[in-house]
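If you scroll down you'll find the structure; I have some questions about it.
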């Protein structure tokens, strides 16, 4: 059987060519039908303007801003409302102004204002979830990017460490830390952060391992760029949106994990209060006082959804290759939220 | 008679049915009539008879699978005959028991004095490390002797007026039982024999046809376990179970909850040798500051009783005349201020240690206590720990270096005699006592040697003395347990139901 | 592939040992189990006896050597709590978890693929918006709360399902529904995103313009592209489930490994804890390898090259 | 091009780049025969003179790209030496290495993959200077130089602010060339620089490359499987087969009188820009390229060669000089000048 000597396609793809350039690129695609974007000199300003074009993203941003403000200033405003007990006025239903605005969301099983407790819990929740996600994100991502870029032994060892952490019972870790040390906020943050590092580590490694074989990374190597410079310039900016989207999903996970720790009695301890703890403690009262668990649960759900919407939007807005989509007229705007996540989460 | 409440209906006939298939689906309507379904809060770690004083084991085993020689009537506190028909102290240290001669074990072997002697020897004198040994007997071994088939002689190292009470915790097993290792599924003389244990899922018991007493109303019993109180409650309301143990006041059991005094008392135990708790005025202030009435009425739906002492009514030594400390915040503040004026460091942080999930609403209670003590002008910090950690605070050697501690304790006197309480909680070297006084120690030791009426009044004095002169405790409440009970079952729980759930007292309601 | 498998298995052995050693050491940091297993009024002598009987009076390294010596003879020790062999307890509990996890993942993946594809066909359409909100909400509801609400509604109020337990197929519904929410929510997002990307690729547009039906485009072209990220995420989610759905197992009385682990931790039942961790760690390593293989089959780009 | 050192070096006699016996083996998953060593380069030797264009041709998988990557130090050879101006870059470290990097640059095959889509054209072109901080220190200088480079490759200064998505393939490749020129290299390795482009665009880019060479005096190693393109740009040509160079010579020598049967087959198959020499019959090779994991013994081409004899399986053919042209080398036991290149005769008979 005779075969043509030269393969007709203009695409060289040998077994030893490990460049792995994305096979999805057709050899001669015309430029994407990208309409010229207005001059994006001032990125911040235009980001803001782009945001305003998207109702959902704007709403999400407002919700998050509100949550942030409540976390920072709320506790000052509510004063001792969150701690003032009145056993004789326990479990008052919400949406009644009989006891003043402080009790508009009802009272809990000790007669404390639900509003006040939700506000105080906002700060605790955020100050557990944000640092936990942040620490895991920074450590896991940098480690994963580094391991994936260099491959070889560094990659193998890193992945096995990730395996170890992932198959380690996080509850044991929690009990140990809380036993040997104290169940302080800092320790809970630490546990949640450590156990979530592998998620970022694995995702960042996979992306980075793929990126380090890209041609533009090879190009950077031929200039003599150092690995750290290449990672900083070519790998991290591309991996970051995926990792950030992942982080917003993780933000939700961490809030839930913290509430599960509370459910098992080893999470945030009274008199500190978080949304998760409120849901956990309120579960007993589902049939007698539903608001004890529903209201903090709603806070978790709304915050999570807002964070996810904004993250999906941000992912597009920060990607020059996709940004034009946002400036299209409304009905054609393709991926407004919920874009591709290659990230792994649990 | 012993089981006066026991009613034998026509269901007796059903007991002759062969062992039904054990894969009966719960909720099966047909199952309701001949199987009593109980849901516990945890799976028994073992059913070993010599561990039956553990609540989770005893609730299944005691009086159902195995029986002791004598038993304590939970209502009257009297010791009543069971496998032994009569007993007497033949000397200061020697007791003689007359045993029944019509009893057989589930394997058909007859019960006799030898089996009883073997059991006591195995539980108390062996190296098995039985829980009952540490729980009801001291360091000294017992000398047991089977005089004849139906006569048992027990000799103690020192005089022990409550030996029969102690022996009521020893569940009799046949001599074929291993004395080398513990046995997960014991053979006993009780109305039910263990049929099957599907680890992790359920235990089924079947009525023993050769039982010496009246046959139980339900030919079969099935135990399951769920750790969530709301789920146990739900199983009653949805008809999946007939009896649910350990229901909390907000678990949603509704009308089907039956409350009973469970002999548990909650109190704050104060480290009386660490400032500022070393000042009696501060300890008194804590007693005044706790608003027990409101706690009981608001948190516990008014079913608990405000406590004045560590044991409830019905336990030998309970002092009926003792009044609970009144709630008087002003007086508390005054006492703290006085102490402060005398240089007592009342601003020192006091750690209020509680154990998560120890009893219903413990989290709520601890926050209330923290708030109320703070109102009195004390600096109180809350610390919630899990069981293992809690024990480090509860038992000697205590946690040190954590400053003054107010420990929330839940004490249950299962045995029905104040001796089991005061030796532990009130002597200056008691395993669970932080301090005491020499006079008090002497008083307690004397009380332990008394009998009958003297014993009652001696312990009454001990409790009064504690409140007046020692004040190691700030009493809160005698608790009430709630059992979930399906409408189709007649059962009246009593103070020992939590430790010893007598299936033979349960009958189908008509 | 075989070379890769062998290397992977060898390189996974060490982490396995690390996990067990770590659990061994950490568990013993949480204090002495003696007081948990002895009566409250146990004497010092009884304590000492207990420690000697359980070998807990030995130095940590000696205990560890003893343990690993036993493991090599397949003796994993006995439970302090029940006196049963620890390995038997772990092996008994594990299938319950595995069955639950596997069923949950299969249903979650199928449902997520269907919903995700449906949403992706018309980005920003009504279906898309609804599924986005529902899936995100699903992923952010605390599972224990949902479990209790589920029992309340379906077992108590409606009486359709049993509250808990493992009897009969209908007892699986609530635990699975509770467990699958988060995997489902996250996977819908992934599938939808990947599908939107895939559907906007030129070759898909070409296929569509040639008149291929939506269903065909989705199943023959786009889904294959969307599978890789979905597999990664699904794998990690499954690892989470295999490691024990503690909360769901606790509430529904499901005799699984997660519940066994938390009980063993709280009861300081070291031998059982170690056996349980070991068996889940092995399962997770196997799962990870399967994910790698699946990934390699799907996408040659990430097939690991083995370097000498 | 004011670097005096470079100028001085350029006037010496020895070749700018000398590759001797370079071998590169990859370890891969095992083949059916149990071999896991893939010999991508097997004793490659070649030279490149100043201002010269060396065309490197061969089928996909023959090792061309590996050679390019090795020359760029993206891969390290297992054996052999690479001498650039008499020194081995693989022995270099630190500043010396960085200085060498400046002299050798590369243009990649895929203009879509070789440019980071998140950067603007200006950022891409100026990226090399981030590693070479001594060049164009001020941002003003850089900007000016970027505009200059854009102009050099035929683009507008305003293009500097655009991102790669906004350009066509040809424009992107121009940006890639501008980036390669940013460091003022002496040698540019062009790995299939036009194969991803439309035919009309190909010609434009090739013309640009020729023009740049004339203007800047750079040397090219031009890798392609497209013979017509190579013929258009190359001064000399090297033909690769399964990791070895089996024939080198001037473009005329290799194209018009190939000595190795493979080169003959290759050149016969190429559509010719210049038809003046008269149509040669196309040679159709039988069989697939053997797996590089299990290359044939002796002469690697023997499995597809129509004149293979027993000796071809036993001995690796020696290097053979064409009579009268000492620089026209080939590796064949039976070079083609011993038989007549005539239509019909070369067609395999099976």
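For clarity, chains are labelled A, B, C and D in written order, and residue numbers in each chain start from 1.
One rule holds for everything that comes next: a residue touches a chain if its C-beta (ideal position, glycine included) is under 8 Å from a C-beta of that chain, and two chains touch if they have at least 3 such contacts.
Only a predicted model underlies this, so the values are computations on that prediction, with no experimental measurement involved.
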(request) Tell me which chains count as touching both subunit C and subunit D. (result) A
(message) Applying the document's contact definition, name the chain pair with more C-beta pairs in contact, A-B or B-C.
(response) B-C
(message) Counting only Cα atoms for the centres, state how far subunit A is from subunit D in Å.
(response) 46
(request) List the centre-to-centre spacing of subunit B and subunit C in whole Å, with centres computed as mean CA coordinates. (result) 38
(request) Please report how many Å separate the Cα centroid of subunit A from that of subunit C, as a whole number. (result) 21
(request) List, in ascending order, every residue of subunit B touching at least 2 other chains. (result) 230, 252, 386, 388-389
(message) Show the residues in subunit D shared as contacts by 2 or more other chains, in ascending order.
(response) 28
(message) Multi-chain contacts only, two chains or more: what residues does subunit A have there?
(response) 29, 175, 179, 283, 286-287
(request) Within their complex, state which residues of subunit C touch subunit B. (result) 30-31, 33, 35-36, 38-43, 45-46, 49-50, 53, 81-84, 89, 92-93, 96, 148, 151-152, 155-156, 159, 162-168, 250-253, 255, 266-268
(request) Using the touch definition up top, name the residues of subunit A that touch subunit C in the complex. (result) 18, 20, 23-24, 26, 29, 152, 156, 160-161, 163-164, 166-173, 175-176, 179-180, 199, 202-203, 206, 209-210, 249, 252-253, 255-256, 259-260, 263-264, 276, 279-280, 283, 286-287, 293, 297, 300-301, 304-305, 308-309, 312, 333-346
(message) Help me check something: in the complex, which residues belonging to subunit B touch subunit C?
(response) 23, 25-27, 45-46, 48, 53, 127, 129, 131, 134-135, 139, 181-182, 184, 199-201, 224-228, 230-231, 234-235, 237-240, 252, 386-389, 391-392, 394-395, 423-424, 431-432
(request) Would you tell me which residues of subunit A are touching subunit B in their complex? (result) 83, 85, 87-88, 90, 109-110, 175, 179, 183, 265-266, 269-271, 281, 283-288
(request) Could you pull out which subunit C residues touch subunit A in their complex? (result) 11-12, 14-15, 18-19, 22-23, 26-27, 29-31, 119, 123-124, 128, 132-133, 136-137, 139-145, 148-149, 152, 182, 186, 189-190, 192-194, 196-197, 200-203, 228-229, 232-233, 235-237, 239-240, 243-244, 246-247, 250, 261-262, 265-266, 273, 276-277, 280-281, 284-285, 288, 301-302, 305, 307
